[in-house]
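Read from first to last, the chains carry the letters A, B and C; within each, the first residue is number 1.
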């Protein structure tokens, strides 16, 4: 008997599928980005590289998005084959960061029964941190 | 059909409303407190500024409480208009930190359906960290 | 009426018992290990001290395991009397870290109704971080 048989009560049946944390040094991340041509494009969607204003997003803000993607991958058990750009950190009008997944990441999430994502970001002290909870 | 119709089974229906993390440099926080008259009173309740012994709480311990308030705000989507002193970090007899909310913070929490708070604090390496989960 | 009466629907009734975070400076942890004979054996199981290859685990990897144990203890309210070696961080074939508890830690977890553990580890920037969620 799966939870899918109780669609009307799904909200009553949430449980945690996984949690992920990532704490990354911003300077080290910045050095990687500089050293490796094409890395930013491999890690981020164009929508993540730009601010709502159209300017390039700063490195601390990118580092924290990378931490979120790492945390998301850990919450899914960090399987091989996930593409970084199949997870997106976007920002609601209210300013709240959210996760959106597709492709390889969405497939893994579906396999585990993930129904919603929770994410939080922080950067200070030269350190970018993120925590992700996958709920199913 | 809302969960409020199943009061006796509420514990069966918990789900995550939001998560928040904050990692803050203790030195930078200490400098802000020193530089800004009245900041401590704007951020903290008198009960938070004092140790159970009646002595002033040290700056690392305050920094971690500030991190908890930031994490709590993020778990609520970090809306405008929350007052810092409407969230309180208190310590149970067992030593466990807990969150208590009122006023602006309680109103936002009620709007989102938050029924319980989970918090954890850490400080080391000159860094104060907190994670908060809002459950509803 | 306890959840135990609905064994077939237990997954529908999960809620969060506690969360824990720990962020620890790796150098400071390494210094403690060096300074204190027998500390490693008091903190870790033999299975944690060794890599799957049979080599000794490095200090960053031990520091992150210590952070996980601290986070686990916080998720249980950090009561007195828990033995460090009653919590074990093990790694699944997939590479995912997991928690296993016994003795003092299992007793406390049972008292609080914990049914599953979620853990995530991170180390970078000289800092070992872990987050744990106890779900019941």
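The working rule: contacts are C-beta pairs under 8 Å (C-beta built on N, C-alpha and C of every residue); 3 or more make two chains touch, one makes a residue touch a chain.
Since the structure is predicted, the reported quantities are computational estimates derived from the model, not experimental observations.
Participant: Should the pattern of chain-chain touching be classed as line, ring, star, complete or other?
Facilitator: Chain contacts: complete, every pair touches.
Participant: At the place where copies subunit A and subunit C touch, is the share of residue numbers found on both sides over half (same) or under half (different)?
Facilitator: Different: when the shared numbers are divided by all numbers used, the fraction is under half.
Participant: Rounded to a whole Å, what is the gap between the Cα centroids of subunit A and subunit C?
Facilitator: A distance of 24 Å separates the two centres.
Participant: Among the residues of subunit A, which ones contact at least 2 other chains?
Facilitator: In subunit A, the residues touching two or more other chains are 12-14, 16, 21, 23, 126-127, 129, 131, 133.
Participant: Could you please specify the touching residues of subunit C with respect to subunit B in the complex?
Facilitator: Residues 1, 3, 6, 12-16, 18-25, 28, 70-71, 74-75, 77-79, 126-127, 129, 131, 133 of subunit C touch subunit B in their complex.
Participant: Under the definition above, what is the set of subunit B residues touching subunit C in their complex?
Facilitator: On the subunit B side, the touching residues are 8, 11-14, 16, 21, 23, 92, 94-96, 116, 118-125, 127, 129-133, 135.
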